[in-house]
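Next come two complexes built around chain A: one with chain B, the other with chain C.
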Partner chain A sequence: MSATAEQIDADAEAAARRRATFRRYTRHPGFMIGAIGIALLVLVALLAPWIAPHSPTRTDLMNNLAPPSATFWLGTDQFGRCVASRLIHGAQVSLQVGFFVVLISLSLGTVIGAVAGYAGGWVERALVAVIDILLAFPSFLLALALVAARGNTLDSIILAVAIAYTPRIAAVMRSVVLTIRPRPFIEASRAIGLTPWKIVLRHVIPNALPPVIVVATVSAATAILAEAGLSFLGLGVQPPTPTWGNVIAEGQTSITSNPLISLSAGLCIAYTVVVLNLLGDGLRDTLDPQMRRNTGKLL
Partner chain B sequence: MTAAFELRGLTAAVPGEKGAVRLVEDVSLSVRAGETLAVVGESGSGKTVTFTSALGLLPKPGRVIAGQALLEGEDLLALPPEQLRRRRGARIGMVFQDPLTGLNPVFTVGEQIAEVLRAHLPISRREARDRAAALLGRVQIPDAARRVDDYPHQFSGGMRQRVLIAMAIALGPRVLIADEPTTALDVTVQAQVLDLLGDLRASEGMGMVLITHDLGVVARQADRVAVMYAGRVVETGTVEEVFRAPRHPYTISLFRSIPEIDAPAGTMLAPIAGSPPDPARRPPGCAFAPRCFAVSDAHGCRSVRPDLIGAGHFAACHRQGAIEVAA
Partner chain C sequence: MLFHVARCVGQLAVALVGIVTVAFFLMRAIPGDPALYMLGDFATVEALATLRARLGLDLPVWQQYFVFLFRAVQGDLGTSVVTGQPALTEIWAAVPPSAALAVSGMLVAVVIGVPLGVVAAVRQGSAVDVAVMLVALGGISFPVFWVGLVAILTFSHALGLFPALGASSDAGFWTALHHMVLPAMVLGLSVSAYIARLTRSAMLEVLGVDHIRVARAMGVPERRIVWKLAFRNALIPVLAVIGVTFAWSLGNAILVEAVFSRPGLGSTILKAILARDYQLVQAGVLVLAAAVVLLNTALDLLYGAIDPRLRRS
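And then the complex of A and B:
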């Protein structure tokens, strides 16, 4: 039957297309480094109980502030807890914060920004006013206030940081949408009778996403920093739960004698921020069909 | 035979410093099923605004302040927005000027054609895709079954315009409005696209409105023609009537400014001096008077706005009897 032959043909072509898409990503070094870096981090976080050489919370006051050794890779802190184990377990908290903050602020911010930019009129003015007020307010302070009001559980920290970061995404989204709204294919999609919601979801948002995704990955990095900052100030996840912020804060007391404690936690944060940024840039280069001829440059 | 699409006294305006500025004023036109009406005029004469406002697509803060847009007798402008949306794309299609940016760059052409179908019909994704491929074939895209999954940037300008035409005719609209569909294309491709539009109009029995500033296109494609100037229709009739014996000085001037291939060497073109009036400061009387070769105060050209007069072939000029001799 000829229909079957055509079907096989079409399926083969779809498979070729998928392979081409896959290659586009694998040939982008920045994207690959970022993706592998994040994958490693996720793996470490998931396997933390098995990888970590010691319990992250077991104290041993007889062996505090020990230098790095074969048993304690990065030494111990002032309570004698294994710093390496605390960092490995801390990755769980940091990744959760990064992931959920981006998930929430990207979903909310994208829709709010797209509606503001596309709708225009009083809807836009009202939303922009709210966005501007929230932007004018230092986002870290806003998160701090929200955590203080709701209590410092992990959920409320994620929510607070997400709310503080939503206006940034929304503002970027709106400005990108303003450049997309006058493009002829938007007028064309109105002329073919699409509903405004469908135009926003199918035509406006996908075209606005590349720059927003870059902002979002950077936001994941700064959200992890914000959590660390909150923990450092004692408003994050409460000790003895290990988080990178807590490790920096606790290491501070002995920073002159044992700088490795705070430094190693800081390096964990820096590593995460860098791989997230590489991933964001890689996504920007590969998401847009017109930018598929990527240059293959790392930076 | 009733008109497939008819505008009656359509007037659209934007708010200005001193009250509403009328972009188009009292435009009445009609197109029958299977017929092509060409709307000609220079840039800014209101050709596009006329039809975007008739479809409720005029960008804010512009709005229609008077008139009707009758699609098979039903006034689109009186419909609630949701009902109007359902008519757009389904019963009246529109093709825009710039095919290069008329498609969404992030979806395949097949997905975009399928989207029109799925916006109006309860069909599955698979079925929509198959019909999209068939539509690409109808607009003569070679190897349509394969190209349905290509992205717009893999298509040439002429092919993208075909895709946009496929989207516009996907649901078998009664009327197709083509807004300068060939302006952005190469001359050879222009002819192909125009032929395609002509074939589709004939096979579907659609009424077609062809907005253009190319009189050659009008002569080749249209049955009737409406000439617009400064937001108004100044002359309308069958192509033969208007081309044989133009009555409005503006139309006459348009013909004089076209180069003729068999004119003696050294013949100068006769451009129309000046430029069209700013919509906010149109002169009283005939809007063309400041540029008109036949202007006459005795006939009230500068004080009285001329009406469209005639039978079958109409013109809005105080001097139409006298200037035929002069032309």
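And then the complex of A and C:
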């Protein structure tokens, strides 16, 4: 066989593998529902200024607590603001929190967990001790205390929630790395003289990522819930900026006469968390065949 | 067993010093001058200096740390700047209602979550399994404070079955219990979803091992296999889940207390945050973290009692 024919065969095989992987994703109903659900939400958040029928912050006190109508799809709140527009714009805050919290806690947690798991010895013992102690602090409480001290701008909320969720990712990463460390390809990389940092960055982390990505997806959901909780307590992004949490809190004052305000905002949060969890479960099934047997969630 | 107990107590001591250390450095890592924050922008230089000296902020950080640790060991977590009372006394007063809520919530969660998880695992892939997992997904997806609002709307306003607000802890046991039903159910349901999911996966793992297969081949009745052989072995992961979810449910308890306007650690800490009473916030965070560490030590001791292998390792 000539070199080009071999090349063609190899290409065909790679293409077939890619198709098989693609099929594995598209045939997983949970993954598809999750992926499409998130895509829709991202679209809504990005196009919010064009989709929203009204400004989310324009008040109209003559027209407050109006029932749902063709102009105000979900009615208006106690300041006469369009509830539907507030929810559509609120998606921006929730998605930003979910995305950046995962970005920060995943980067920090992956490196800390990988170093702890790979280094072993006193480095591991020290890092594990710190992770364990941080895990003893209820993460919502930790985020609450950090936000209280750093102020409630979107940046500091993201940072506070990210710091609160990093230890969990680090703990998962370490436990995965412990199973990778004794495998032959790691020993081989050591044998050819790669430095520990290179081994960790090039071989350990990429191989340990699948289960961690699953946990990260679910963390995005918990981060969104945490932000909503902070907003509900009045410690989140401050009104008039709409967030789903503060729409629920503001709707609480008129909950008996206009329950739709708080109810619809809660459904937005639940929708986001459900699609993220479906996406996470789907990723676990497709990314990591070994975890497929164990169908419970990691956390 | 004695060795196991000694080791657990040793670990507890290390963990307690650990949380005090983390709380100290976390609060110090935050930019800004606490004295200026407490007294406001118009404070005189002398007043600031006096408060700094009183709070020990004029010492080097490592010295501050050892003073803080030394006092914490003796049960002194500083003084509330608002009331002038010792912070620990203030926090301690708020513990009973919160502890009652956390314990009842956990009880609800275990009573609902564990059987659902076991049933889902035994009937893996069946309609029951799918239904339980869907309900569990719903349970972890709705924000706990929102579920609280819906519960108030339904069971207090529409049906008039339970009171919506307050705790009424001094109006007798039954009244207090009546006030506890909704908050405990709301807190418990959210945690039960996690417990159900993790119990299911722990049971699935145990049901697949060889000795279960042998027991089946020998014709041991299924009920006996599930509860006597499998569940016993799944008990440790299930207890571990309770340990993990406890910290999480304490965070949720703050929100539940806010929704139902119940007195407790949640409202004490929130009030302290709004009043910029840092000593009190710090003490509250420490007490809650200590509760988590204590529960985990108790669980460690329990593991030793359940599984003799763990006493020696």
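Methods note: the second predicted complex is superposed on the first by the 262 of 299 C-alpha atoms of A that agree within 3 Å, B and C clash if a C-alpha of one lies under 4 Å from a C-alpha of the other, contacts with A are read in each partner's own complex, and residues count from 1 in each chain.
Rule of thumb we're sticking to: a residue touches a chain if its C-beta (ideal position, glycine included) is under 8 Å from a C-beta of that chain, and two chains touch if they have at least 3 such contacts.
No experiment lies behind these values; they were computed from the predicted model shown.
Asks: Which partner, chain B or chain C, is in contact with more residues of chain A?
Replies: If we count touched residues of chain A for both partners, the winner is C.
Asks: With the two structures laid over each other on chain A, which partner does A:E13 touch: chain B (first), chain C (second), both, or neither?
Replies: Only chain B is touched by A:E13; chain C is not.
Asks: Check whether A:L194 is in contact with chain B, with chain C, with both or with neither, and answer first, second, both or neither.
Replies: The answer is first: A:L194 touches chain B but not chain C.
Asks: Quick one: is A:V115 in contact with chain B, with chain C, with both, or with neither? Answer first, second, both or neither.
Replies: neither
Asks: Just to be sure I read the superposition right, which of the two partners does A:V83 touch: chain B = first, chain C = second, or both, or neither?
Replies: Neither partner.
Asks: If you stack the two complexes on chain A, which partner ends up touching A:H203: first (chain B), second (chain C), both, or neither?
Replies: first
Asks: So, does A:P184 touch the first partner chain B, the second partner chain C, both, or neither?
Replies: Touch status of A:P184: first partner only.
Asks: Applying the touch criterion given at the start, work out whether A:V172 contacts chain B, chain C, both or neither, answering first, second, both or neither.
Replies: In the superposed model, A:V172 contacts neither chain B nor chain C.
Asks: If you stack the two complexes on chain A, which partner ends up touching A:A270: first (chain B), second (chain C), both, or neither?
Replies: second
Asks: After lining up the shared chain so the two structures overlap, which partner does A:I158 touch, if you call chain B first and chain C second: first, second, both or neither?
Replies: Once the two structures are laid over each other on A, A:I158 reaches no partner at all.
Asks: Can you list the residues of chain A that touch chain B in one structure and chain C in the other?
Replies: On chain A, the chain B and chain C contacts do not overlap at all.
Asks: Can you list the chain B residues touching chain A in their complex?
Replies: Residue list for chain B touching chain A: 55, 57, 60, 85-90, 93-94, 96-98, 101-107, 115-116, 119-120, 145-146, 149, 151, 153, 164, 167-168, 170.
Asks: Under the touch definition given earlier, write down the residues of chain C that touch chain A in their complex.
Replies: So the residues of chain C touching chain A come out as 14-15, 18-19, 21-22, 26-27, 30-32, 124, 137-138, 140-146, 149-150, 152-153, 157, 194, 197-198, 200-202, 204-205, 208, 244, 247-248, 250-252, 254-255, 258, 269-270, 273, 278, 281-282, 285, 288-289, 292-293, 296.
Asks: Would you tell me which residues of chain A are touching chain B in their complex?
Replies: Within the complex, chain A touches chain B at residues 6, 10, 13-14, 17, 120-121, 183-185, 187-195, 198, 202-203, 206-207, 288-290.
Asks: Which bits of chain A are touching chain C when the two form their complex?
Replies: Chain A residues touching chain C: 129-130, 132-142, 144-146, 148-150, 221, 225, 228-229, 232-233, 235, 245, 248, 252, 255-256, 259, 262-263, 265-266, 269-270, 273-274, 277-278, 293-297, 299.
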